[in-house]
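The structures considered in this document are given below.
Both complexes shown next keep chain A, but they swap its partner, so chain B is in the first and chain C is in the second.
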Partner chain A sequence: MLSNNIQAKEKISSRSGPVKRGKKMNIKPFFYLLPSGILISIFIGFPVLYTLYLSFFNWNLISPTKEFVGFNNYINVFTDPTNRQVMFNTLIYIGILVILNFVIPYLISIIVNFFIGKTKGPYKILFFIPSLFSLVVGAMLFSWILNPVSGPVALILRDYGMKLPQWTNSGSLAIIVICLITNWKVFGYNFILLLTGLGSIPKNIIEAAKIDGIPKWRVIWDIVLPMNKSVSVYVLILTIVEGLQYVFTPLNVITQGGPNYGSSNILYHTYLNGFVLYKTGNASALATVTFIIFLILLALEIKFVEGGRKHAD
Partner chain B sequence: MNTKHTLKRLAGITAIIGMAALFAGCSKSQANDKVTHITYWHVNAQTLGGASVNKLVKEFNQTHKNIKVTAKFNPNMYQGLMQNLQSAQASGKVPDVVQVGWAYTNYFSDNFKYLNPNDAAQKFDKNTNSITKNFSPKTLSFAKNANGKLVGLPYSLSTPILYINKTILKKYGIDPSELSTWQGVEKASKQIKSKSGNYGVYIQEPADTWAQQAMMLSNGAQIKSNDGKAAFNSKAGQQAYQLYQDMVVKEKTALHAPWDQGMDAFINGKVAMAFTTVAQASHIKQSANFDASAIVAPTFKGKKLTVPVGGSMLTITAQSTPQQKAAWKFEKFMYKNSSLMTWDKGTGYLPPTKTALNSTIFKTYLDKNPMIKPAVDELGNAVPWTSFPKNGLDAEQSMIDARDQILSGKNVNQTLKSAQEKINVKQ
Partner chain C sequence: MQTNRKSLVWHIPLLLIVLVIILPILFMISNSFKTLHDSYNSILSLIPSHPTLANYITLNHQINLIRVTLNTFGMATLVTLGKISTGLLAAYAFHNFKFHGKKIVYFIFIATIFVPFTTIMIPNYLVISKMNLLNNMLGVALPQMCDAAGIMLFLKAMEKVPTSLVESARIDDIPERKILMNIIIPILKPNIISIGAIFFINSWNEYVWPTLILKDKGSFTLPLALQNYISSEGGTNFPLAMALATIMIIPPLLIYVIFQKYILNSISSSGLK
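Moving on to the complex of A and B:
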């Protein structure tokens, strides 16, 4: 018994052996991580901390003195009417972007994958082409095409007795046009990602469902969508986080946040405060709030995905 | 994957460091030959006179063997240059000669170390004759900060003028002489709108309120009172904006659009008049396929025409004496008549010096480019671009906000009042 016990113990210890050895070599993985760790801390970690530090001061980027103002900048973020409008706009942007850059590409990729047999290739190429262009070029092009007075679209509409509204003068219309420009750029990329995700779902499951005579829409709803969850959640996060950044370019080229902040969003407003008006305190507070919002969003998504997976198991 | 990625990054960084070391080596060896290197920061893209900058710098380097000037283009105009200058200041490696836009006069003089032109002239020429002889007191006043000190030398001058589509005006029987007042412009715009459905006038709307300030000033309003407080919420200021708002909102005879879209509309013949800077003259001349012309900016009935001046000054940010000396030499070269003519032809700006304005080359140039003439005629009516002593950039933003609010139909008097109060809290 005793010897057995010892043997068992030895077995256990040998089983936990790799862990022990791992403890000895603990430094090695960190060593491997060091190069990217240094780069990340220099280019991401330090700036984030410095932004946090700056958000407690009033400063203009170069003056030798920084005035400590405590939480004033944060209070300002939530009380200033302009900031509030910008926050509200940001939500509208997210809503439109999710529809344009996530829901619609998803629908189309499902159609292309399951309902169109032979011509997948051309669709992929056609949808992907705009992703290769610079967004600045796209923004300038669309600003010209959609010029409500002298652009080609306005001239064609005029022949039919219609008028293009002055979209640059209305915040909501400007937001829609800017989202459409971003959509032009991002659509193809998201479409390809989602299509690849759909393509990697094992064919035999779908075939089996087909043999069982399950209708196509139920196959998609109950098998395809849950199985493609990880890709779709990734694209959703990308749509929100990257989308708000992509929107920056047409915003800067066409409306500069106007009319009267009507088309501005939280990222552009941060830029305006930081690098046009040189109010780094306000800008840093806005950036920190954005950072926290994104962090919560990300945590929620991760939790949601992981929860979903456990459920599936 | 990750290690591969990191390796690639490391290789990239090593390459950059290697290149930097190479260049550092270069400048060292040349420093031994006693060549002073200075850098000149400008905002002129190839389409905005960049070629003339390069031509001038090349000419200077050929004629001055012991100084080497390197020109550096800064995208996004004066604002972009200011952003780059800040990072340069933070890293301790500042350029030597810099173009500073008028709106940044106070911000620049409060936050950067510079050698003012009077001190430079005293230090290197032992007298300030070259300044007083060349520049009129009026022109020099454009480059003074809130304390009345000269910050740099005026370099690019521009004034707003009224471009007209003569083809349209002739068609509807409007004589350009009727357009000398804003009331006349309003009436003509109504006529054009009712007969053709097109807009009458476009007033430029970039990220500043330069053109709108010209309107208020030309109705006798002040933008800034003598004690440095915002003062545009006066009866005269309100009247000017009211007329502008009526044209845009009520009568729909004036186009309200971003700058490039508005100019596109004018060039395509969809708007009969455009109130914008003289720097657009060459663009309009090249692109318009109608009889385009320009006249002096309108004023309000019975009021004196007053326009803010646009453009930039040259400032010396060099820190060491040899570099300051080289920078001063370079500036003097840039203000020679021939250099200024190269510059003005390439950009459409007006010459800043008395001598260049009166030179025969400039006069023959004017005869060939009649669109620039009204801008020259206006120089006598020009005043410095308002630059508030404290939080100036913030103040400009408040005025832009007020403009956008008014043009979207908000009450003029209330909007101007709250904008003025917002600015004055920080003055």
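Moving on to the complex of A and C:
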């Protein structure tokens, strides 16, 4: 049906001749955009708006009536103690994710690009392997490795008279372990993106600086890092946006946000409110706030990354 | 000589990272062939002293392994085919046409990458349950069949096709549909395979959305089945869970072994602006 339609339109437009073509609206591209456009409208566009709508009501996902409460749910996001703790945890998550999944891969990619000669291939191939696996596998592996009673790390520590803490009983320790699990998965991915960025810096600039006798670390700090800014800001934003969504899986598998919401964050709390506590209004307000935070990150991406692209042209 | 020794020193932290990344996977495979007893008593030995297939056999008794694997395979295949077709069509529109509002439409597509899944999951859950697709692979696959990040990967790939090729085909009055099918797609074949491989691996591993839609054990995919073997209160039977995880990592690993070069190239290109 659709392809017939396209064919028919094509015949019409080719008959109308090349002179008129430029003037009238070209509708052909819209047929190509139709499948993705429909899917995006139904499964992303409509849901975003409907979540916004739901955030002004109290509802339990099932009941036929919804109670209009104005901005109450939004006020709750910033006043309810649990919500506030979860918002605070989200900031901690962002901090740890940036260090583990951005700063460390960046340092390693600098080492691989500038300090070890030409053997980059094997590291790229090996570092990337965990990116192929589900975070459920990662969550299972780390709950074995770091099992405080019978895990391998605990056993090794025991030989030296040390103990591994019960990290699932502490919100902040659990957050660190959960971030480590996502680090296992995305380290290689981010490493490759950053390494490619470093590799695309013209060699002659670096060579020239070397001939001038400028020390290597200064070349990296003053020339390489600024030149790699658009790639690194892209990876940084990706780290936050994807990272906050990645931590969901180990959270759900290992701690379910506990103890006492201590390891929960804004995304996990949205899920908990929506599908476990059936507080759809609170969930939708949290979801909308998350979306606004991500939109700010999108604005930053456009400013630094897309702007950088124009510069490069 | 001196620079060589210096660069050797730099290899030490890198090799340590390789160990930290790879050792857990090797231990996982090894433990899946150990008895529960051995997994506690010889926890640090990488080669099982009494190798056994018992975990795999128990696993197959407890869950319908073939069914779960087929569920996962079917879902991932559906999502992959969906993403490839919608992505290629959209990328072709962006790359080869000039039209009104192109910048805005492109911006909206890119912006969808920044929509957190929590912002859309409640309405999507309601839509899928209205469509009677709960506990159904289609309910999992349908909302994921279009992926703006994938469109960007296809766009990147299309940039290597000279525009003159499309223009001269148009002068010859070849319909657009045939330009895409007979000219662009054959040129992009390696890219389509590698991007498709990335799509497949990602949805093979998908956990969050399926966990909302698939509640019935018969409809489970591998990540959901594995999650059921991990107890948050402790007492997880790790050899059993690791046997399931080992089965789960085989397809992505195989794909990686075959298409490693292409996959890494696609990943690299996605970051370059």
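By definition in this document, the second predicted complex is superposed on the first by the 261 of 313 C-alpha atoms of A that agree within 3 Å, B and C clash if a C-alpha of one lies under 4 Å from a C-alpha of the other, contacts with A are read in each partner's own complex, and residues count from 1 in each chain.
Simple rule for what comes next: contacts are C-beta pairs under 8 Å (C-beta built on N, C-alpha and C of every residue); 3 or more make two chains touch, one makes a residue touch a chain.
Computed from a predicted model, the values in this text were never measured in an experiment.
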{"item": "Fit or clash between chain C and chain B when superposed on chain A", "value": "clash"}
{"item": "Which of chain B and chain C A:267 touches, first, second, both or neither", "value": "second"}
{"item": "Superposed model, chain A: greater residue contact from chain B or chain C", "value": "C"}
{"item": "Chain B versus chain C as contact partner of A:290, first or second or both or neither", "value": "second"}
{"item": "Chain B versus chain C as contact partner of A:228, first or second or both or neither", "value": "neither"}
{"item": "Partner chain(s) touched by A:182 [first = chain B, second = chain C, both, neither]", "value": "neither"}
{"item": "Touching partner for A:134 - first (chain B), second (chain C), both, neither", "value": "second"}
{"item": "Touched partner set for A:282, first chain B, second chain C, both or neither", "value": "neither"}
{"item": "Partner chain in contact with A:150 - chain B first, chain C second, else both or neither", "value": "both"}
{"item": "Which superposed partner A:109 touches (first chain B, second chain C, both, neither)", "value": "neither"}
{"item": "First, second, both or neither for A:35, with chain B first and chain C second", "value": "both"}
{"item": "Listed stretches 260-268, 350-358 or 386-394 of chain B, narrowed to the one that overlaps chain C", "value": "260-268"}
{"item": "Doubly contacted residues of chain A, that is, touched by chain B and again by chain C", "value": "32, 35-36, 39, 61, 143-144, 147, 149-151, 168, 254-256, 275"}
{"item": "Contact set on chain C toward chain A in their complex", "value": "6-7, 10-11, 13-14, 17-18, 21-22, 24-25, 27-28, 31, 40, 43-44, 85-87, 89-90, 92-94, 97-100, 102, 105, 108-109, 111-127, 142-143, 145-146, 148, 151, 173, 175-177, 201, 204-208, 211-212, 222-223, 226-227, 229-230, 232, 234, 236, 238, 241-242, 245, 248-249, 252-253, 255-256, 260, 264, 267-273"}
{"item": "Residues of chain A touching chain B in the complex", "value": "32, 35-36, 39, 60-63, 143-144, 147-151, 166, 168-169, 254-256, 258-261, 272, 275-279"}
{"item": "In the complex with chain A, residue positions of chain B that touch it", "value": "2-3, 5-6, 9-10, 79, 83, 86, 89-90, 107, 111-112, 199, 207, 255-258, 260-261, 264-265, 267-268, 270-271, 393-394, 397, 400-401, 404-405, 407-408"}
{"item": "Chain C-facing residues of chain A, complex", "value": "3, 6-7, 10, 14, 25-26, 28-30, 32-37, 39-40, 42-44, 46-48, 50-51, 54, 61, 108, 111-112, 115-117, 119, 123-130, 132-137, 139-145, 147, 149-152, 155-156, 168, 184, 187-189, 192-197, 200, 230-231, 234-235, 241, 244-245, 248-249, 252-256, 266-267, 270-271, 274-275, 280, 283-284, 286-288, 290-291, 294-295, 297-298, 301, 305-306, 308-309, 312"}
